[in-house]
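For reference, chains read A, B and C in written order, and residue numbers begin at 1 within each chain.
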Amino acid sequence: MNRSATRNSSTRAGSFLRAVGAIAWKDLAAELRSRELLSAMLVFALLVILIFNFALELDVKTRATITAGVLWVTFAFAGTLGLNRSMAVEKDRGCLDGLLLAPVDRTAIYFGKVISNLAFMLIVEAIVLPVYSILYNTNLLSLGLIGVILLGSIGYVAVGTLLSSMAVQTRTRDVMLPILLFPVIVPVLVAAVKASSGVLQGLPMDEILPWLNLLVVYDVIFIAIAFMVFDYVVEE
Amino acid sequence: MIEVRKLFKRFGLKTILRGLDFHVAQGEFVVLLGPNGAGKTTFLRILASLSRPSMGQVVIAGHTLPAQAAEVRRTLGVVSHLPLLYGDLTAEENLQFYGRMYDLQNLEARLTEVLHLIGLESRRRDLVRTFSRGMQQRLAIGRAVLHDPEVMLFDEPYTGLDQDASAMLDDVLRNVAARGRTVVMTSHDLARAEELGSRFDVLSRGVIAASCSQQELGSSNLLTFYKQALTA
Amino acid sequence: MTPTPRALRVLEIVSFLLLCAAVWMVFFYAPLEAVMGAVQKVFYFHVANAWVGMLGFIAAGVSGIIYLRTHDMKWDIVEVAAVEISLVFFFIAIVTGSIWAYPAWNTWWTWDPRLTTAAILELIYIAYMLLRQGIEDPERRARFGAVYALIGGLSVPLTFMSIRLFRTIHPVVVGGANAAAQGGFDMAPKMLHSMFFALAVFTVIFITLFWHRIRIGILAQTVEQLKLKLTQ
């Protein structure tokens, strides 16, 4: 009997966290090497911003009110690319089975994926913000805005990861995700756009607070739901 | 080691497995034969805890499925015809990942041991997507034996392998069998199966239609036995 | 397959009679509205259909949860029935709303909370049906349907709240004292009677159709079973 292969006698929570960390690390390491997902998301995001330039009159006056909306539409669409790709990797080479074979809670897979998806989204957002600032001569680098983007992205990725796990198992695959995701993600978009707009326009905190509350409520509710329901989505 | 009683598996209204009974003692090497679509992969997936039985009892190493699935998974090593590997990671990183998922101690040492066993030591820092099918399958086996499971399930492992890779797989399987592990393997390669297996079961029409051990087979041909079982 | 049960037949007749009664009430009992005239009468059917459309949503969510816990296919049939017919009722509500809106607000559509949420709700229904169409395996279809019904169901109140934080021009029908200020309008008692009656009538119609749709679902399942028996 090969003693060196025996398990660590760690607690359940410990092995849960270890699995989450391993999955997140795996996604990030793989992506850092190929950079396929990130470059696709990034190029797409920049193209969307470019298209907006022609589609909407982004002159100085209207820019202030529209910037938040443009940013979030960009993030929402680029986000679906990332979510789709991230799950497709698992599905294509049967790796999802590999994850399911491990003696860990299914929800560890969910949280691992959420963390890596969130990381990808934040990386793209971190690049888009300065680029937008330069292209349209506005300063988007404020702490408040970053906070709103973080809260909104969490909600988006929490629901998106769950729904992409389902979408990837259907016939229509990639196309299915936006159809499933966008109607359900409206509260996040509305609240994020209003809050971002508020921050950019320097509105008082008590006007922005209800939107932040809504974001937090949404994030909490849907992470909890995903936690309870993820098993049903991956188990047969 | 493996006890299956009255296993039923339905997909919608289609019943694939109909009251299947299956018993494997520790150390046995069972080769599961059967025509395509008979339900071999379905059965193996249920044993691997990837699929839930519609009805019936499955007990592996004393743990019941699906209630004690996590414990069962610890004792299982699975190799399917899909590699279950991440192309953008190196061989080493793939094993590291699975090692962490299985919560292994002395991971580095174990990694090197396994890489040596499957003959991929020299390629440990290479990306898996540069590997040939044979090498990927070897690494997949490495992944499966990493946590030293007591029970191993192989689903058509020889699919798409060239001579060298097949020979390597033979070695690994003999090694595994020699160390007293319990193995269930599905295969279409009767010649190899005859050589490796200690017992042969035929899955047909949702149940085990026939079973015979290596001794019982004796001088007779596995192909004959198989054909007989299907027509019975 | 049992023939249409007596209760359902009775319900059909009752629904029809009630609908006639509701139409009579709307056209002869309720007074003609001062500002809008006859067009306003569409409002009674609009509210009734919207209410019933929401009912279906709740029914779907609840069936979904029950299915996930019991894995009984019956609840999946109930869930699909609820979504399918609510999709239609709600669509009627949206269209009748537009018919009312044009003379009232001089626009077919506006992006206030209720309408926007209605549009989103309808899109969730449609997304649900598309999701189901893209899945072959009935068991997976049922599982995913239930999960999406749950997620969709939970998101809608949040959606409504989020858009409500915007100002609304949609009439705040019940409890609008200062009608002009809130964009609402006063309702004569006879109008209230008609509205609530219409609501009740459409609830009965909903139950009738719901029941029928469930029976169709069960019939479809029976047909599948028979088809399979024939091919085996």
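The working rule: a contact is a pair of C-beta atoms (placed from the backbone, for glycine too) under 8 Å apart; a residue touches a chain by one contact, two chains touch by 3 or more.
What you see is a predicted model, and the numbers here were worked out from it, not measured in a lab.
Colleague: By mean C-alpha position, what chain is farthest away from chain B?
Modeller: Greatest centre separation from chain B goes to chain C.
Colleague: Between B-C and A-C, which chain pair shares more contacting C-beta pairs?
Modeller: The comparison resolves to A-C.
Colleague: Need the central chain here, defined by C-alpha centroid distance to the all-chain C-alpha centroid.
Modeller: Chain nearest the centroid of all protein C-alpha atoms: A.
Colleague: Rounded to a whole Å, what is the gap between the Cα centroids of chain A and chain B?
Modeller: The separation of the two C-alpha centroids amounts to 37 Å.
Colleague: Please report how many Å separate the Cα centroid of chain B from that of chain C, as a whole number.
Modeller: 51
Colleague: Whole-Å distance, chain A centre to chain C centre, using C-alpha means?
Modeller: 33
Colleague: At least two partner chains per residue is the criterion; list those residues in chain A.
Modeller: Counting only residues that touch two or more other chains, chain A contributes 236.
Colleague: Going by the contact rule already set, what residues in chain C reach two or more other chains?
Modeller: 139
Colleague: Residues of chain A touching chain C in their complex?
Modeller: Of all residues in chain A, those touching chain C are 159, 162-163, 166, 169-172, 176, 179-180, 182-187, 190-191, 194, 210-211, 214, 217-218, 221-222, 225, 229, 232-233, 236.
Colleague: Could you list, by residue number, the parts of chain A that touch chain B in their complex?
Modeller: Chain A reaches chain B through residues 1-2, 4-8, 10, 15, 18-19, 21-23, 25-26, 29-31, 33-34, 89, 93-95, 97-105, 235-236.
Colleague: Note which residues of chain C are touching chain B in the complex, please.
Modeller: Result: residues 137-139, 221, 224-225, 228 of chain C touch chain B.
Colleague: Mind listing the chain C positions that touch chain A in their complex?
Modeller: Listed in rising order, the residues are 68, 120, 123-124, 127, 130-131, 134-136, 139-140, 143-144, 146-148, 150-152, 154-155, 158-159, 161-163, 165.
Colleague: Which residues of chain B touch chain A in the complex?
Modeller: 45, 48-52, 70-71, 73-74, 76, 78, 80, 82-89, 93, 97-98, 100-106, 109-110, 113, 127, 143, 146-148
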